[in-house]
Amino acid sequence: MITIQLNGEAKQISEAQPLDQVLNELTGLPENFAIAVNEDFVPRSQYQAIEITEGDHIELLVPMQGG
Amino acid sequence: MWNLADKEIESRLFIGSALYPSPQIMTDAIKASGSDVVTVSLRRQSQDSGNQNIFWDCIKELDINILPNTAGCHSVKEAVTTAQMARELFGTHWIKLEVIGDEYSLQPDPFALLEATRELISQGFEVFPYCTDDLVLCEKLAEAGCRILMPWGAPIGTGKGLINPYALKTLRQRMPDLTLVVDAGIGAPSHAALALEMGYDAVLLNTAVAQSPDPVTMARGFKAAVAAGRYAYEAGIMPEKDLAQPSTPTLGTPFWHQHS
Amino acid sequence: MWNLADKEIESRLFIGSALYPSPQIMTDAIKASGSDVVTVSLRRQSQDSGNQNIFWDCIKELDINILPNTAGCHSVKEAVTTAQMARELFGTHWIKLEVIGDEYSLQPDPFALLEATRELISQGFEVFPYCTDDLVLCEKLAEAGCRILMPWGAPIGTGKGLINPYALKTLRQRMPDLTLVVDAGIGAPSHAALALEMGYDAVLLNTAVAQSPDPVTMARGFKAAVAAGRYAYEAGIMPEKDLAQPSTPTLGTPFWHQHS
Amino acid sequence: MITIQLNGEAKQISEAQPLDQVLNELTGLPENFAIAVNEDFVPRSQYQAIEITEGDHIELLVPMQGG
Amino acid sequence: MWNLADKEIESRLFIGSALYPSPQIMTDAIKASGSDVVTVSLRRQSQDSGNQNIFWDCIKELDINILPNTAGCHSVKEAVTTAQMARELFGTHWIKLEVIGDEYSLQPDPFALLEATRELISQGFEVFPYCTDDLVLCEKLAEAGCRILMPWGAPIGTGKGLINPYALKTLRQRMPDLTLVVDAGIGAPSHAALALEMGYDAVLLNTAVAQSPDPVTMARGFKAAVAAGRYAYEAGIMPEKDLAQPSTPTLGTPFWHQHS
Amino acid sequence: MWNLADKEIESRLFIGSALYPSPQIMTDAIKASGSDVVTVSLRRQSQDSGNQNIFWDCIKELDINILPNTAGCHSVKEAVTTAQMARELFGTHWIKLEVIGDEYSLQPDPFALLEATRELISQGFEVFPYCTDDLVLCEKLAEAGCRILMPWGAPIGTGKGLINPYALKTLRQRMPDLTLVVDAGIGAPSHAALALEMGYDAVLLNTAVAQSPDPVTMARGFKAAVAAGRYAYEAGIMPEKDLAQPSTPTLGTPFWHQHS
Amino acid sequence: MITIQLNGEAKQISEAQPLDQVLNELTGLPENFAIAVNEDFVPRSQYQAIEITEGDHIELLVPMQGG
Amino acid sequence: MITIQLNGEAKQISEAQPLDQVLNELTGLPENFAIAVNEDFVPRSQYQAIEITEGDHIELLVPMQGG
């Protein structure tokens, strides 16, 4: 088991794995979102390619009110 | 119709989507405002909302131009990443670029703003920088490739209106060809009308509508205000005079009116 | 619709009929303004016009409420006689009562104005006094029986807008039940919007429209401006704040935004 | 012949006479007007009754532009 | 030295004697202000004070010109009687004539003020009317025989400064030969300096000094402020310009400064 | 006495040496101003003056602190070289750092200003940056090591006074420990008094004195004005009120004054 | 005994009498004062002449703070 | 002969030479001045060391009025 940060909260996952796999296991994954890993934007096309490992910070953001 | 970043739009009012009492009131107010441009942000989903996003469903339904912002960003890096996420999420290369330089005044950081602007323009974004009314900063943003500038009227959410009209007038005179939008600080329709009378192309506001006891009616007020200011700008405003001038003709006044 | 001296009208803009480039432009501008009330005066006929009165034909055709004025009168006697002539000539007991106290500022003479008001009300006129923003004068005019007061914003024809907002606010607060109209001095739609935002029932103007390079478009501007100001007054305007307040929510901002 | 003032200009009339007679003799009398004699308003109903005599000032006013 | 109602005095600051923390501080503050004129009132003696009147003993000791007021009077009769009592009690025919027309704004009643002024001048008083900035009222007061007028800057005790500079400027221009004193509403030395810069002969104030945490130091501030404003008026103030003008000469700038 | 960059000085007025009608009037005006600090520049010697420098002889004779400026510099390089020359020529490490960003408004270039400031501080200069009222810029200048900041009141030579008091107030509140001097734009003593009342440590001006028809008298006016403003700041200014407050006590008013 | 008003307070005096007599009987009479009776100013010279009778209002005023 | 620029004006000097020599030959050299050569400040201590050659720009600046 390794620990990552998802939107600021610690989360256990079995092992290092591609981002899309991490996402597949999420419950209540929103329809529209965008992702940054360790402060870098990760385009959808890279979800399979990019490997999530121990200590990575994932930000999963959705549309929200703004001024 | 006027041209904003290669799109033909009608309204000269850009409106925010935050701080409304409810999604329904937000939708009604934005419709009432006649806006063709609405600002949104990116945030973490609240736990309880499941995979639902009622807010976003409302906004999509409005079917108007989305202008994502980078609100809350304090560094170039944060702003650039947020802009990139926004481009994918909202399917637009428009970005309202905010790089906050002070927690209390929420004023833009001219230095980080310029750097982030250069980077994002190199990446193909249409940058709408939320900036101060500093002429030199604005000139550098224009040199960096901005076609649109959004100087503040007053600090965000204060409703003070245009606290430095002299600077805003100078900006308009010196940058006749840019699209200039007064963003932030507008509290009442008369403020918006004044900005348009001064030749500003549009105003962007949120709090003044959303925090009114009756946002929908206030939205109508601002819709009318920008129209009023624009008509006046196009028609030409009478020069202010120091001495009174009778409107009713003095010719033909009865003899009892002849006064030395 | 709102009630002005027992008549239901729509517009909160009263407009003057002087200083237009031509009768046609006057007609078009007044129509564009949406006004339900137009001010006129009484003068000697110019020699050359024969028994024609093109001006008056245009005004009648507009079919809106006529508000005759006593412009140019300097004494109680002159004003009363002019009002009596107006009542017969225009078939209305409405009179915009002007008694000029100073040739340069064209400001009202509070003393003669009050005396003439008392006399005309005793003769059954509905007096619309053109007055200053002096609270005591306004209270005495109300005691004399005025249901409508028309304090100046600035001297006639200066276009300075509301030069003493503090006095005008006080007046509105202290006389909540009277019909208050800002008359004279308004130069731009933002001035008119401000007056309505402050709770004034209407504005009366002439020069700002008639002397604009494009009176018809400017008339549209003022029509929108009074609507804007009234909507805002009815909706409720956000209180001005000294400190900035973010509009975009801070809840849910990505970790990189956590700043001490 | 007596002299009266009409809108500030001297005018000769044969003799003292009622106002309406004075008006009848005017050329280009406007359709809409109101009258004051010596600064007092004279309602239409009085045109016959009121006598115009030497030195009277008649003001004959018509609708005009006003602010 | 300048001439006030036939007396040669030095200071252009008239000061009130009310609202000080103590008689000692009052005395020190008035001395520090350099004033040659102090205002006082007439009131019933408080029960406990016996036949003592410490206040009056302090004032007499100052040995400067006494200007009694009719503060609190609401009618001509009250004001006239109070003025007559003041003349005997203080041995001066100077009277600061206040006839209040409104309990909340404490503004002068133009009608009663003019009537009382006429009566008191006929009785040989030197009337210093506390009036509004209404030009017509001021002209009538001058015609009534006033050599000195004291228009308000703002309502008594508000400290708002000069709320209608346009009206005050007009007054000064139109009445070049009268002694004009801004009375009431002044809150800070910059307000007093502005009044003097505009050509006003003096200012009268009380609260701004007495209610400062440190009245004596504030009195020094106002003493300096009226001097500053008067020097500026006498020297002549540079005209305001819209475009920047270098102060440092451009002639002789090294080559690296040659810019197109 | 107060501490400016480790020197104890008296006056809170810094004065410029340009634009006077003659060297004699300059000398008299600077003496009359009571200033302890005078600004000067470096320029090519005019051909005809031989090896004479009457100006400099006058300034030396004044024996007060010299503050050389870099007026006219448009780049970091120019400003740094000029500062180095000034240090040798005037024997002081004080420098009023001007880096102009716009030919018309003569406003500072925030970017070049910050860079030049960092360079000069690293070379041991005491930098007095002529800056805008931008809070973020000012914070960066402070981080760079400035102990003194000189934000503009208005563009150089306009005499408009403090065009953005809100920004200047914010600056003072947010930077309580820095020495803040309002530089440029001041046209009248009331402007200077206001700056000091707001807690600014001093003002720097030139045109308002030198271009007055009577520079010496105007210099006295500004000397008094800064004293006035400072006294007020130290004493504490009464809070502005919206409602009138009687200064004369209401207790003990005769019965005829009892009003409901 | 008759009743008069002195500075708004009822006061008994033996009978109608000249003003100066009323004043003489006052304790703590201030050094400096001026008087109005029934809203009319009464100069010092009239203190003997003027008679105070039932229901008269006397105002006795002294120097006080003023703005 | 070589040409240099002194305060923006062309000037002939015999040959490349130290700055102080250039200055010595100037008439009406002011008492107080500072010098930059080609936009670089030259401290007094360097006047002998620094060589002025063809095309050099010398700025010789004096105290002047300033705001």
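Order as written gives the chain letters A, B, C, D, E, F, G and H; numbering starts at 1 within each chain.
The definition used in the following text is that contacts are C-beta pairs under 8 Å (C-beta built on N, C-alpha and C of every residue); 3 or more make two chains touch, one makes a residue touch a chain.
The structure displayed is predicted, hence computed values, not measured ones.
If you match contact pairs by residue number, over half of those in A-C turn up again in just one of B-D, F-H or E-G, and that pair is B-D.
Centroids of subunit A and subunit G (each the mean of its C-alpha atoms) stand 93 Å apart. Mean C-alpha position of subunit C lies 34 Å from that of subunit D. Subunit G and subunit H, compared by their mean Cα positions, are separated by 95 Å. Per-chain CA centroids place subunit F at a distance of 62 Å from subunit G. Residues of subunit H in contact with at least two other chains: 7-8, 36, 39, 59, 61, 64-67.
Across the assembly, subunit F contributes residues 16, 18-19, 41-45, 69, 71, 77-78, 81, 104-105, 107, 156, 160, 206-207, 246-249, 252, 254, 256 that each touch 2 or more other chains. Pairs of chains meeting the touch criterion: A-B, A-C, B-C, B-D, B-F, C-D, C-E, E-F, E-G, E-H, F-G, F-H. Those residues of subunit E lying in contact with subunit G across their complex are 16-20, 26, 39-45, 50-53, 55-56, 59, 68-69, 71, 77-78, 81, 84-86, 88-90, 156, 206-207. Chain contact summary for the complex, subunit B toward subunit C: residues 16, 18-19, 41-46, 69, 71-75, 77-78, 81-82, 103-107, 155-160, 187-194, 197, 206-208, 210-218, 220-225, 227-232, 234-254, 256-257, 259. The touching residues of subunit A, counted against subunit B in their complex, run 7-8, 28-36, 39-41, 43-44, 59-67. Contacts from subunit G toward subunit F in the complex involve residues 5, 7-8, 36, 39, 57, 59, 61, 64-67. Residue ranges on subunit C touching subunit A, taken from their complex, read 246-249, 252, 254-256.
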